[in-house]
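Let me give you the structure first, and then I'll get to my questions.
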Amino acid sequence: MNPQELTSLLRDVAAGNISCETAQAVLAGNENKDLTLDTWRQERTNVGEVVYGQGKTLEQIRASLAELGRHHPVLATKISTAHGQELKNLFPNGCLWEEARLFCLGADLLAADPKAPDSEVLIVTAGSSDLPVAREALGTARFLGLGAHLVSDVGVAGLHRLDPHLPSLRQARVIIAVAGMEGALPSVLGGLLKAPIIAVPTSTGYGANFAGLTPLLAMLNSCAPGVGVVNIDNGFGAAVLAKKILARQE
Amino acid sequence: MNPQELTSLLRDVAAGNISCETAQAVLAGNENKDLTLDTWRQERTNVGEVVYGQGKTLEQIRASLAELGRHHPVLATKISTAHGQELKNLFPNGCLWEEARLFCLGADLLAADPKAPDSEVLIVTAGSSDLPVAREALGTARFLGLGAHLVSDVGVAGLHRLDPHLPSLRQARVIIAVAGMEGALPSVLGGLLKAPIIAVPTSTGYGANFAGLTPLLAMLNSCAPGVGVVNIDNGFGAAVLAKKILARQE
Amino acid sequence: MNPQELTSLLRDVAAGNISCETAQAVLAGNENKDLTLDTWRQERTNVGEVVYGQGKTLEQIRASLAELGRHHPVLATKISTAHGQELKNLFPNGCLWEEARLFCLGADLLAADPKAPDSEVLIVTAGSSDLPVAREALGTARFLGLGAHLVSDVGVAGLHRLDPHLPSLRQARVIIAVAGMEGALPSVLGGLLKAPIIAVPTSTGYGANFAGLTPLLAMLNSCAPGVGVVNIDNGFGAAVLAKKILARQE
Amino acid sequence: MNPQELTSLLRDVAAGNISCETAQAVLAGNENKDLTLDTWRQERTNVGEVVYGQGKTLEQIRASLAELGRHHPVLATKISTAHGQELKNLFPNGCLWEEARLFCLGADLLAADPKAPDSEVLIVTAGSSDLPVAREALGTARFLGLGAHLVSDVGVAGLHRLDPHLPSLRQARVIIAVAGMEGALPSVLGGLLKAPIIAVPTSTGYGANFAGLTPLLAMLNSCAPGVGVVNIDNGFGAAVLAKKILARQE
Amino acid sequence: MNPQELTSLLRDVAAGNISCETAQAVLAGNENKDLTLDTWRQERTNVGEVVYGQGKTLEQIRASLAELGRHHPVLATKISTAHGQELKNLFPNGCLWEEARLFCLGADLLAADPKAPDSEVLIVTAGSSDLPVAREALGTARFLGLGAHLVSDVGVAGLHRLDPHLPSLRQARVIIAVAGMEGALPSVLGGLLKAPIIAVPTSTGYGANFAGLTPLLAMLNSCAPGVGVVNIDNGFGAAVLAKKILARQE
Amino acid sequence: MNPQELTSLLRDVAAGNISCETAQAVLAGNENKDLTLDTWRQERTNVGEVVYGQGKTLEQIRASLAELGRHHPVLATKISTAHGQELKNLFPNGCLWEEARLFCLGADLLAADPKAPDSEVLIVTAGSSDLPVAREALGTARFLGLGAHLVSDVGVAGLHRLDPHLPSLRQARVIIAVAGMEGALPSVLGGLLKAPIIAVPTSTGYGANFAGLTPLLAMLNSCAPGVGVVNIDNGFGAAVLAKKILARQE
Amino acid sequence: MNPQELTSLLRDVAAGNISCETAQAVLAGNENKDLTLDTWRQERTNVGEVVYGQGKTLEQIRASLAELGRHHPVLATKISTAHGQELKNLFPNGCLWEEARLFCLGADLLAADPKAPDSEVLIVTAGSSDLPVAREALGTARFLGLGAHLVSDVGVAGLHRLDPHLPSLRQARVIIAVAGMEGALPSVLGGLLKAPIIAVPTSTGYGANFAGLTPLLAMLNSCAPGVGVVNIDNGFGAAVLAKKILARQE
Amino acid sequence: MNPQELTSLLRDVAAGNISCETAQAVLAGNENKDLTLDTWRQERTNVGEVVYGQGKTLEQIRASLAELGRHHPVLATKISTAHGQELKNLFPNGCLWEEARLFCLGADLLAADPKAPDSEVLIVTAGSSDLPVAREALGTARFLGLGAHLVSDVGVAGLHRLDPHLPSLRQARVIIAVAGMEGALPSVLGGLLKAPIIAVPTSTGYGANFAGLTPLLAMLNSCAPGVGVVNIDNGFGAAVLAKKILARQE
């Protein structure tokens, strides 16, 4: 444990974020350090441990990033605007994508993949309100080394907008369909395409939408089979599933 | 009160369907007869009183049909299979459409409207499991004197199946879209057509469909505006709304 | 793309609202511009594309308004107070109706229709808490060229308040009934009137109201048939359905 | 314990309805008999213990009736059709009201109260499907010695049907309003009358009615204050509340 | 319309709270003024119209108070802290009870009723977190002229705390039981007392309490019959029901 | 594998209960037998594997009982009436407790524990409708070797019925409180006693009880802390938790 | 249309399953036959149209099988026991797997794939109650030509049972994890394996399981990312998604 | 009542926190003081009255702490950050643990128990987002005099992290398992350990987590029996249950 880490630990104790006995254990021999962070998850599952930022203190996020970032690139999701700016200060080399609520060390979330013509993952949104979630999927896919592209605003209220994209939709190896409101886009795509569809409901909508419950239920009940659904607003999980599907193919 | 009605009343009392004091009141002067049946509803609302059959005894249904049927044709909905057969015995001139769970006096639920080419109401279903509800709408529309037609099995898992029907869809003055599962059909139609869309969710589906809750929520959240939703499995209500829309136009 | 639009685009990129590859695509040839905006929706469905403002950035709303507003009047809904003021600054000729959360270009949301005596759409509210939603319906109806009027505060706790309005209620061609709490108004109107009833539940209420779920369910279960229901607080959708009903009649 | 009771006890043990150690305790000295039955509840609360029949075995119901019936009249509610017939056989002097699902010893559920003109409780239903619940209220009210009357089928789809009943509605000291579907009747009555309104939602309806949830929520959100709500289909509880209200007045 | 009212009206129009055509109508002849306010509700129902403050603008509340307050005392409920202070400024003679969220003209919400020994309504809370709702009931009861008293903090976790209050509980003519969490208090009281119990669930609690849903359901399922339930946090409605019960007795 | 087991296996295959490849694997070397049954669970967790009978075929239950019963006593829960009788035929030495829906080999579910005065677990029910679940707990406790006793019908509608049981309630080391309807009993007991309370909600009730959801929520929100809740109708789980608590103490 | 089909059609009309006008259309020229059945779905999506058997009449299922079976093998799902036997009579060459509720023409659902050592899809269940759904997945996978295997009863209550299966779990290219109750199995597998996990919640459980809602929610919230969820009890959909994933890899 | 208390009382009245008649009663003789605070709860139930801080004013919390703190140590839970700081000012000797939302008088929440090697209660969290709730349990356990320890971040996505803790898990006499998201940790521990498991769902998660509903349901449906569940985020209740379990053992 270097001096900076010690400082950080003590600040945690002072702030009430870490109880005394945990600090004692850490100082006595770091014995539970390996347990707290799952450093060989990537080896087991193709995707390393990621820092889930929601409901955590800045210090918790910082400590996890610092530790995991020693060995390989590391991603943090659901980062608030305030935390994002502070992380950028703490890790000037890190990459912040504010609207996607992503921050990472050791990778570039914004650089389009050079493998673009051989598009592997196509992320499609029903409306422009779904973009934050779609961008979480896009950034995660790039972080995981996939060739990913985004097509937005092709929901069922104007299906003709799908037409110019049909060639790239048919070429993609995995489709991530992101939709709020009635969540009908995955059903339409599932009836048109051979690729597996990963459906991401979003909390876009109001009233009887119930913060994404409606598109979640709709996607689970898709009359076009072959649709796998992830949690509401879970663009991250969709990209991980895409990674696992594509990794298997190699 | 004729002898047959008296017999019927007394059987009701014996069967516990009518309490003694109600029977007394009826015998003393029929004073609440007009209240029980809303005989001038047609005049007020364009659609006369209809007998809702669910949860009622056969005798309750019979008595309402007999009373309302004195003046003009009368329809009963949500008739069970067993009650349907018994009503057919009690009213040999009545018309029973078993799968639609409809029974009526003074009209023919099964005869296609001769005005067919000038189709007014087009009822469209997503799948063949939605047919009972669609037929409830079709039969009610015929009972109300509308020119109504049925197109089935054009759900979003195979949207190309809509193509041959586009001319009649564009010609219809009101669309009734009947769908279970994810309930996406009204959204697709709402994005393609000028006519008002009446959406009827059905209880077709299982698991996270929750007996029609999923298509109900989806239809209420349609990203294509101009969709009016009725209760789950309420083909009857959809046809009444169509009647009110079209009656206004004359 | 003019300089102002370029500036706006670059600000979006800087702010993280638009990913780099989208900006590249836009600069390379605007090729997905027509897809994003559904410019011939009006032709297909009688109602052109509308900008749904909730959950969008000011820049997203601005860009959509600018693009759609080139060709014909354009409406934006669910505009927050802060965005409304900024849009008024950006488009000084635009019309802002703050309480209705509407903003539009090319039309006057506040000018009463001169066709008033030949009232076509009558919007009725149960209480004065329902006014914001009723005004969304009223403004949208005016935007769509309908003759629309508003009667407020005639809920079922004092039904006699309906009496002086019965002549105009009977004359209206479409009724939009807006109610929160127990949502009983559409049932009462549906039992009195020939016109089709469009029911709009509102989120007025507390406790077991569940933000509009109670009136939504009540309206779907109306014992007076012929009621079409839209989403909670969806005054906009109710006006579009009215437009589609009335357009058919011409 | 007489021989018949002993036989009954042993049959219970054999049938698995009573565990061995309970039987031992009973035989050893009846020490928990007073506990099982709350024989002085009437004294405390104005209403004696009642046998809730749902989910109980015939023997459980029989034993409770026999024990409680020693001292004063006793009522059993939610009696199934099969159990009702068997109870009539076991207690030939008992009174069975099948449609109300009531059985009692020592009182007449069907005899109209001679005090009729001085009507105290008026039970009002929205539709005839609500009659079983309304009769449970009526029979319970009679059992409790109240002057109770029933008016049915005056729901909001045809409010004029209320008019001829307004004098008796205004004269009643307590109103019990029974309604399924959208459950609007208590709101209407609450806006018209001085008497307290006890609202009973029923499970009449289908689809998004959710077995009475819709009228329950509607009644809890009544815009007319002064409405007390009981459980779905709980006609019994409504009558007990009426009894407690009226007993206070004496 | 006096100058001050005119000013107020015009400010409403400027603020978007009142649409132009409504203002025109008002100025043209005040023809819908009587409709908006239900001035003879007290005569019909024993309780005059009350101003529901939630979700309304200050101006809406002020205008209603001013109009209704011309004829008799008037109460406003669910007043926010900010609005409360402003109403106090606007109506210096008005009475504000901040924690009860009540404001009234023409009555004193805080003065204990001199009739105290002849207590009529006893309001009982399970915990001190339920006090705001209990005070809404208490203030409303005083406004309606009832003799009302409050006993707090006697929930089921320490039932012996009820003992010293049993004499006054047995003497009260109506009990209002206010409880959050598991909402068991009305069941306990219902098993002990002859008086009718009005149960008010509160939103006190967290997690699986679901903002009052748990005590609401518990109260509806009370195993002690004779409990009438009102909406979550609806102390006002409970007091009105108490008023209607007691008014009948005179 | 003995001949009888072979017959049983083949019947399973014929009946479609076991797929062919599983049968092949079993015949090839029994390699997944140890996995299917968790034979050392007792050693790890103090409670051996139990056969959950709901939704299983008779053959599935029989095979599990036969296999697990080789080594030590074995219990099956949620046994239907029909399956119970057939199991009694297949295992004549087995013990069936029909109302508790339990069947076991190698133990006596009905024999009261001789250790009774040193009562360890006291099972308390609110009403007699809760007895089947209470008996599941009682039988399971006996199967696990605990001294368990049952007190029924002491719910909150007549709390005085608790009084004679207070000595044994205070002496018990674990309390299992079983209640449906509003589920208030655990709160009352938790406020009176030192022992840990295990709360079991039952599906007793109707309407807004929602098949046990109401008492489940009430128990989770108990204002008396120290209550651990198990699933609705899960008398078995409550007894296992009691066993784990008491085993720790030895 | 051959004579047998004509007979079948007419029987449908007589039974009320097909309305007269549809029969007329069919007889006039079969014009909507191609629409009803989506015969080129396999070409578009890799998986041909499948007959969903729930809620359909035997005749509806028979007609769809006969038509679709002309061209290539066809599968029907969610077949009731009664319909299964009748289909076996109607199509003696068909293959019925009763417990999986599957019936098909032109394929063998029960024959293990010879490619077994190169296992592609591994279906894993938490308990033996999950077997019917797992078999629906297994049979569908075989129908689609995949090499699929089933491992059952390795739920989280005894995780060591997973150990002997780890080699095949690591070798599988897609995992289908089937679980009811708390649905934790996919999370455990997702933390151990590289392959994509398709999670299928089942309706196994009772009480607060809510017929599969609990495992559905648990799977959507898996802390191990890379899990795609399908509807409750939807073994069929899981196998289709597996097919789409694996087809992409070829 | 000393002068400071009088001041405090009067400030309460001025602030509207205490109604006038309550103040009168208090001044007249303090007669309901013993009722408000349940000072002998500790004697009855092993755990004294605790101040529940949520939704209370600072003054309410202060008064309760002052009164209860006269006799023995007292704990307050769910203290907001703002109130925590003010309480620290008011009671300089008090102990504030901000992240656990605890404040107490007369005990040290942060000092690790010297009895550590003889660990009695082991608190285990699935992730670091669950720490605030785990700390509420830890601080409460310390307040109650238990030897308690915390192990965090051993959720099912990386089960190997449990391994180094197995010795202390097997040694603990009670396990408190704290988990959000899918809530699988208690099931895994229940299948491995002899100790009773107290499961605490947390509101960690988003989307279809529904603020802790998902882990709550999962824990109630645990396939490993012997798990007692407390309310969402109720670390306090879990520690009280642990206290009651361990107190019995002495």
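Which chain is which? They are A, B, C, D, E, F, G and H, in the order written, and residues in each are numbered from 1.
We take it that contacts are C-beta pairs under 8 Å (C-beta built on N, C-alpha and C of every residue); 3 or more make two chains touch, one makes a residue touch a chain.
Given the structure is predicted, the values throughout are model-derived calculations rather than measurements.
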| item | value |
| --- | --- |
| Pair joined by the larger number of C-beta contacts - C-D, B-G | C-D |
| Centre-of-Cα separation between subunit H and subunit E, whole angstrom | 34 |
| For subunit D, residues that touch 2 or more chains besides their own | 41, 127, 157-158, 190-192, 207-209, 213, 216, 220-221, 224, 231-232 |
| Every chain pair in contact, whichever chains are involved | A-B, A-C, A-G, A-H, B-C, B-D, B-G, C-D, C-E, D-E, D-F, E-F, E-H, F-G, F-H, G-H |
| Subunit G-touching residues of subunit H, taken from the complex the two chains share | 126-127, 155-159, 181-184, 187-188, 190-192, 205, 207-210, 213-215, 217-224 |
| Residue ranges of subunit F in contact with subunit G within the complex | 15-17, 19-22, 24, 31-32, 34-38, 41, 49, 52, 54-56, 60, 64, 78, 201, 203, 211-213, 216, 231-234 |
| Residues of subunit B defined as touching subunit G within the complex | 97-100, 110-112, 127-129, 131, 135, 138, 149-154, 157-158, 161, 164-165, 204, 206-209 |
| Complex interface listing, subunit E residues touching subunit D | 41, 44-47, 50, 173-174, 190-198, 216, 220-221, 224-232, 236-237, 240-241, 243-245, 247-249 |
